[in-house]
Amino acid sequence: MVGRILLLVLFMNAAFLIVNAVPETCPADLGGKCGEDSEWEGEFFPGVTKIKYEGPSSKNPLSYKWYNAEEVILGKKMKDWLRFSVAFWHTFRGTGADPFGAPTKSWPWEDGTNSIAMAKRRMRANFEFLNKLGVDRWCFHDRDIAPDGKTLKETNSNLDEVVALAKELQGDKIRPLWGTAQLFMHPRYMHGAATSSELGVYAYAAAQVKKAMEVTHYLGGENYVFWGGREGYQTLLNTDMERELDHMAKFLEAAAAYKKKIGFNGTLLIEPKPQEPTKHQYDWDAATTLNFLHKYGLLGEFKLNIECNHATLSGHSCHHDLETARINGMLGNIDANTGDPQVGWDTDQFLTDVGEATMIMLSVIRNGGLAPGGFNFDAKLRRESTDVEDLFIAHISGMDTLARGLRNAAKLIEDGSLAELVRKRYSSFDTELGAQIEAGKADFEMLEKKAVEWGEPKVASAKQELAEMIFQSAL
Amino acid sequence: MVGRILLLVLFMNAAFLIVNAVPETCPADLGGKCGEDSEWEGEFFPGVTKIKYEGPSSKNPLSYKWYNAEEVILGKKMKDWLRFSVAFWHTFRGTGADPFGAPTKSWPWEDGTNSIAMAKRRMRANFEFLNKLGVDRWCFHDRDIAPDGKTLKETNSNLDEVVALAKELQGDKIRPLWGTAQLFMHPRYMHGAATSSELGVYAYAAAQVKKAMEVTHYLGGENYVFWGGREGYQTLLNTDMERELDHMAKFLEAAAAYKKKIGFNGTLLIEPKPQEPTKHQYDWDAATTLNFLHKYGLLGEFKLNIECNHATLSGHSCHHDLETARINGMLGNIDANTGDPQVGWDTDQFLTDVGEATMIMLSVIRNGGLAPGGFNFDAKLRRESTDVEDLFIAHISGMDTLARGLRNAAKLIEDGSLAELVRKRYSSFDTELGAQIEAGKADFEMLEKKAVEWGEPKVASAKQELAEMIFQSAL
Amino acid sequence: MVGRILLLVLFMNAAFLIVNAVPETCPADLGGKCGEDSEWEGEFFPGVTKIKYEGPSSKNPLSYKWYNAEEVILGKKMKDWLRFSVAFWHTFRGTGADPFGAPTKSWPWEDGTNSIAMAKRRMRANFEFLNKLGVDRWCFHDRDIAPDGKTLKETNSNLDEVVALAKELQGDKIRPLWGTAQLFMHPRYMHGAATSSELGVYAYAAAQVKKAMEVTHYLGGENYVFWGGREGYQTLLNTDMERELDHMAKFLEAAAAYKKKIGFNGTLLIEPKPQEPTKHQYDWDAATTLNFLHKYGLLGEFKLNIECNHATLSGHSCHHDLETARINGMLGNIDANTGDPQVGWDTDQFLTDVGEATMIMLSVIRNGGLAPGGFNFDAKLRRESTDVEDLFIAHISGMDTLARGLRNAAKLIEDGSLAELVRKRYSSFDTELGAQIEAGKADFEMLEKKAVEWGEPKVASAKQELAEMIFQSAL
Amino acid sequence: MVGRILLLVLFMNAAFLIVNAVPETCPADLGGKCGEDSEWEGEFFPGVTKIKYEGPSSKNPLSYKWYNAEEVILGKKMKDWLRFSVAFWHTFRGTGADPFGAPTKSWPWEDGTNSIAMAKRRMRANFEFLNKLGVDRWCFHDRDIAPDGKTLKETNSNLDEVVALAKELQGDKIRPLWGTAQLFMHPRYMHGAATSSELGVYAYAAAQVKKAMEVTHYLGGENYVFWGGREGYQTLLNTDMERELDHMAKFLEAAAAYKKKIGFNGTLLIEPKPQEPTKHQYDWDAATTLNFLHKYGLLGEFKLNIECNHATLSGHSCHHDLETARINGMLGNIDANTGDPQVGWDTDQFLTDVGEATMIMLSVIRNGGLAPGGFNFDAKLRRESTDVEDLFIAHISGMDTLARGLRNAAKLIEDGSLAELVRKRYSSFDTELGAQIEAGKADFEMLEKKAVEWGEPKVASAKQELAEMIFQSAL
């Protein structure tokens, strides 16, 4: 879920912001002090009206060419297949900083502080953004939306104050797709949270998750996510991996118990990632995470949140990790983004590859959709994209790509020839002996007898090139 | 286990061999027809006498500098910690062919055929090699050691004939570390063996494993290995991954049942590899394989054979995959080799990195050794190494490296400061509350109370550089 | 240029071929002995008629949906932009063997030998294939098309015999896009050809290139290619890299001299690849190869043949290496294929990604086309694709993908908004001072004065998301 | 040169520092306000005395076990072979921040500001560190050592003030190995410096390099480095690569001219890196950078600064890129660090692999040393290493590793058998015909004649395993 989040409190340096007047709207010319007053309720994106569907021939960057929310595809509205969500952190706390560079964004509503007033203003910007985009869901970390206080109590109280405003702004329609706790940025978590070598940190993390879960529940969130960004190691030389994994299991067990206790019915999701910031993250990929859940008897309590860029970093196609989750009944949510195939870190780009999007949507359709999960845009503007309108363009482009993927996947399914090619490949198992094998009733002696009787088996072409041709034709 | 095995029957082309006289010994000058007669029992390596331990200051390439079989380290003889095995395929069937090149080896005992006579002569060379090296174990695939016949029956009978000779040559001392079936080279297995889309291939594979297991048992093998080189996919577009995984589980279940039926007490081992020749191999890495075993209820029947080069191809250090297997109680055997960190395929080189070897031996010592498993040299000469003596040099170098790793690991353990550094890191859990957490008795409410009470937790330095300094000092 | 070519003489094992009758056509039911007689001139692909353009809505796999040879795009016929070529080695000598597996193809015209008769029959099949596909160019290695003899003289005479037939079959229309010498498969080349540590091998390679160049010239070839598959190293420990590079330069210099001597006007092309089979190939990527040519003063004599799968293996996008070649005036030819982004070796797949194809065609259009170079399909059927028709499907799919890329690139160019976005980004240099800088007339003192005068520079958004949106809209 | 430098002004958050008293020494218990007064000249590292050589058997982490500065190896003192330098940025400005985490370091002398007073105090700490370590060289970026002002003029004046102190503290013995300008962190450089799309940025960068070069000259620096962290692209879609490269050439040309103008005799060094933060950096690796210098006629003006972690990120071994630079006469300096072979980003770890260090030192010895370049520790503490003593331990460990590498390399050279193995491999070229070939006097016709005359060439074993055995024996 989390891309390269950066320390915006600290990064938001006055040097980069020139702020000197309060208009009623908040134009992106850097000359307005819009929103300096926290109670200010003017317009943050005055240059942008509600984004509409205009069809593939439109040249308007601020329109949908493929995403038509109410249009029905394969018996379901596009918006119900796609269940889009905006990630608060990337969109409203992303600063453009990277390991070699300072922040580059200077949104007109930011005042360079991490005050509660600023947090509330930002929350208003978020809801204006959601409404203009026509997206009904959002995702957040606790620390994105409200500032740390001096004590945990004060921090929680800050959070409550901002959350109350969010609840009001959500209205009837908007809800969190999921909430989560940020357990990786603060130095206390440098050795991990649930897997920290320090017991005090384990306890602190428990307190933080407890609160984040309460808040998500209060806001009507449909899921709750665990991304163990620091649950892993930098070197095995100083690490007791076995003990750390045991701690992680106990932590998740306690989280599941607490969920039940407060009556939160949302799905608990674990988000795999192979590495970064750690050299090894314990939830490396879908299969590794499933093994962990099996080992500790936690399988029934969790599902997976698959992020495409994390899947590719772990050496798999995104489609592979989606299918791995799906066939294990564990596909809960998708963090929709993409990486660069020649780059070895998480770039969290908006997905714009139509072929990839079509593969993803094939998995989603086979899964019967993702609800109560959805597609969270865990994707960020490039550091060099600094216009306010770029926030809209990026989301529109990502939404249109997945919408196009859905249309293509539907075409493939309606055409049927790809599915038929696969069915035929395995048809030798659609026989009596096939059924016996699949029921575990064919022992080696029986099979040897058959092998001797039959002689050399016939093996048909796999028709990969034909399958690729059919797939490409649908794009 | 399997490196880039190549098709030597076919590759062993007369053009590369000039064969014209029968000496009693078999010198590597390419001028001898040594072994042309299958009953010939002369010396294959006349230039090499039994390899002896001469200590680190020796300049003799044909001596051990670090491996002293009978020397006791940490209470056990070196040979019992290391339990070395020679891989028949690389050493006696490796041709030097690669995807862009023809075979380069022309061992004097080879006659360019894949006859039974040739198979027997080669088996004699194998045992002379083992004896001169002072290694008591060997590993093989069924098809390495005996040629295919026209029918399965004929193939099995060829195998029996060569195995009878192997049994005789083994004598009292030498045994297979493990045997296995070659289920990847023949075109019938192009879509997989247990996961082939063709039922007839599934049956054929069952018959082949049945026989290979019988033969391993007959020779006194201590383990039996499954490497699913073709159990995976090239593209998901034409693949029913769920059905294939179900088939694989049924196959392994039937194998475990057959093992019991014939009274074979060896360990069944699965060898993970991420890819190559397939784009995705189902047994991707240790964790993925464990998840599979969990899902299908097969955990009690199998252990893992970890190959270092496979671990690094899957994005892990070798040490990581060893530790993953170990802490799950599943470390059964090691395929001792190494890859090139800048190369994206399996190079199956002999391990010569002493630091890496020390890490490996730390895992082995923590595991209490590997028995009944051991270290199989799944490693091959470089294509360009074409002298008979290179076979000895490579094995000696690999054995010495692991022996040196064992000595270093023992030094580290006896010194104790690295272990103490790790123990101290986690000491906050060696408390009453720590015990409660580890027993699953610390719920989120209790932990939150503690977190509030304690305030900001103290977090100590991880001392990675100190740990690295201690580690390096032992090398 | 070269994918994983495999040793078919040796691989073409009678066990995999059942050959027993001579029909006038050569159907792919494995029952025909078609072509057993070398003079046989029947039909090799009786089931396939000439492939026609049927447009995007066609469901016929054996038709073009996007490639319409005579259609004019941006002022030039599609066939002139694309200049397709079939690679003889993959299409007619590819066996499906891989490092873990035996050959899988058993084309009905193959008789399991590497005789001259077989070579001629295969050549007839090649020309029928070209004609049915409607492709006017082909590429070959010397050793693909004719068998080795016992001596170089005999080998050359074999080559002459087959080449004479090829010349006849070419007629007026068909020509080699390029020829080349196979300097990597034979064991004599295991340490390299021009960079071998053995002088005798250097001389042998010179003789082989001399002949291959003569033959290419005789057949009317338009280019001649050098792929240094073994010109590199496996380890620096035993390698004198400096001396090897010097030898390579002398070799290429002599080749350029010989080209002029025989009046061959074709372009000499070097094909970069980072590694495989070597750990390091000296012609790592476009920039590395250009550096070599600069250093040895060979820049005027050579151009580059960029292979997409090689570019991605070297850590670049294909588009990057094409642009690197292009802006250095060195883009001579494209080996059109693709790899798998999660796989670390050369898979030589047919390119089916339309986005990638569009990027490629943008480079080609900016280059004003590729002539006298073209697009060689250095791509092969998957090992598991064993139907004769798969050869057609694969080529059609690859050709259609590039044709679609051409159409999309034309759309982008005609629309103009992407080019305009780029032009505007750099417009501050379209000024007087910009011109001075670009002319090398702006020294640091003058620039410092300006910097002080201007104060903090304004920096505009890079609009990457907008550029991606525009690009995707054209697909 | 530059690792993941982070924005410490902004990061140095009061929350992480508790500062309240002024002792005469500056102990690392976080309770002291040591250094709050900028003129304070007490002891920063009271717990550490001058590091001494104690030999390999010492267990004292704060001693050298292998580095004995005055000891003569191969005719030169160890300190003259190694010419170590401390990197100011990592050691004194590294905060422990990463893309997912806030700073973790809270050195007792830091007060959380980026004031000039703080800059001076930090500079005193630097020189105490150098002196205690016994290192005579340091490296810096302009912006590491002094804060930005509101204008370029003010910034330059800040720099002058701190530089004056540095000059004083340097005394007779200590000098910069090199200085450089930080052209990547400030948002103005987000599109590059010399390759920015904005002319104003190009000018600003020129002014900054001008000043940095002057300052380096003033301090007696021996080299000046260019690392083009932002000279590259994120996507080719919005980039005019050709124009950007032209600008980069003009910029470097002007830099070389200015160097001469001010009489600075230091070497200008370019530091390659393949990517990060950009998707593609123009100075990808040694060969790419050399090609650029060739193309623009700049070869005589520059040498290369090879960083090991950058070499491995570009797909090469460190040894490879060192040798590439060396045999082109371009090896000027080494940034001594290492990456993690399983990690796709720059980790800038201290090198602790003795084998790797031995390879590096082989290149350095062949190069006749590095002077006027040296070894800069472009390496940083792990984020989780937070004790002041960790700074010493890390440097000692890195220095000892290279010292051990030097001792091993000397052993190999004195033994001579590895060099002899290589010499023999190429001995067929140490002949009359070999000399003709190497002089460019052997044309293809002459060579063909020889090839026919000689018949099939003999090809000897490459003896890689033997070479590895010899190499390992020296460790």
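Letters A, B, C and D mark the chains as written, and numbering starts fresh at 1 in each.
Just so we're on the same page, a contact is a pair of C-beta atoms (placed from the backbone, for glycine too) under 8 Å apart; a residue touches a chain by one contact, two chains touch by 3 or more.
To keep track of the chains, here are their UniProt names: A, B, C, D = Xylose isomerase.
These figures come from a predicted structure and were not determined experimentally.
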| item | value |
| --- | --- |
| Intersection of the contact lists for chain B and chain D | A, C |
| Pair sharing more residue contacts (C-beta pairs) when A-D is set against A-B | A-B |
| Where chain A and chain B are represented by their mean Cα positions, the distance between them in whole Å | 39 |
| Between chain D and chain A, distance of the C-alpha-averaged centres to the nearest whole Å | 38 |
| Chain B residues counted as touching two or more neighbouring chains | 187, 190-191, 234, 275, 315-317, 342, 382, 384, 386, 459-460, 462-464, 468, 471 |
| Footprint of chain C on chain A - complex, ascending | 56, 59, 61, 65, 312, 315-317, 341-342, 350, 352-355, 381-382, 384-387, 390, 393-394, 396-397, 400-401, 417, 459-466, 468-469, 471-473, 475 |
| Residues of chain C defined as touching chain B within the complex | 2, 4-7, 9-11, 13, 15-16, 96-104, 148, 184-187, 189-191, 229-230, 234, 275-277, 279, 313, 340, 342-345, 382-384, 386 |
| Chain C - residues contacting chain D, complex | 151-153, 187-188, 190-191, 196-204, 206-207, 209-211, 234-243, 245-247, 250, 253-255, 257-258, 274-275, 280, 284-285, 287-288, 290-292, 294-295, 314-317, 319-320, 323-324, 327-328, 359, 418, 421-422, 425-426, 428-429, 431, 433-434, 437-438, 440, 442-445, 447-448, 450-452, 454-460, 462-464, 467-468, 471 |
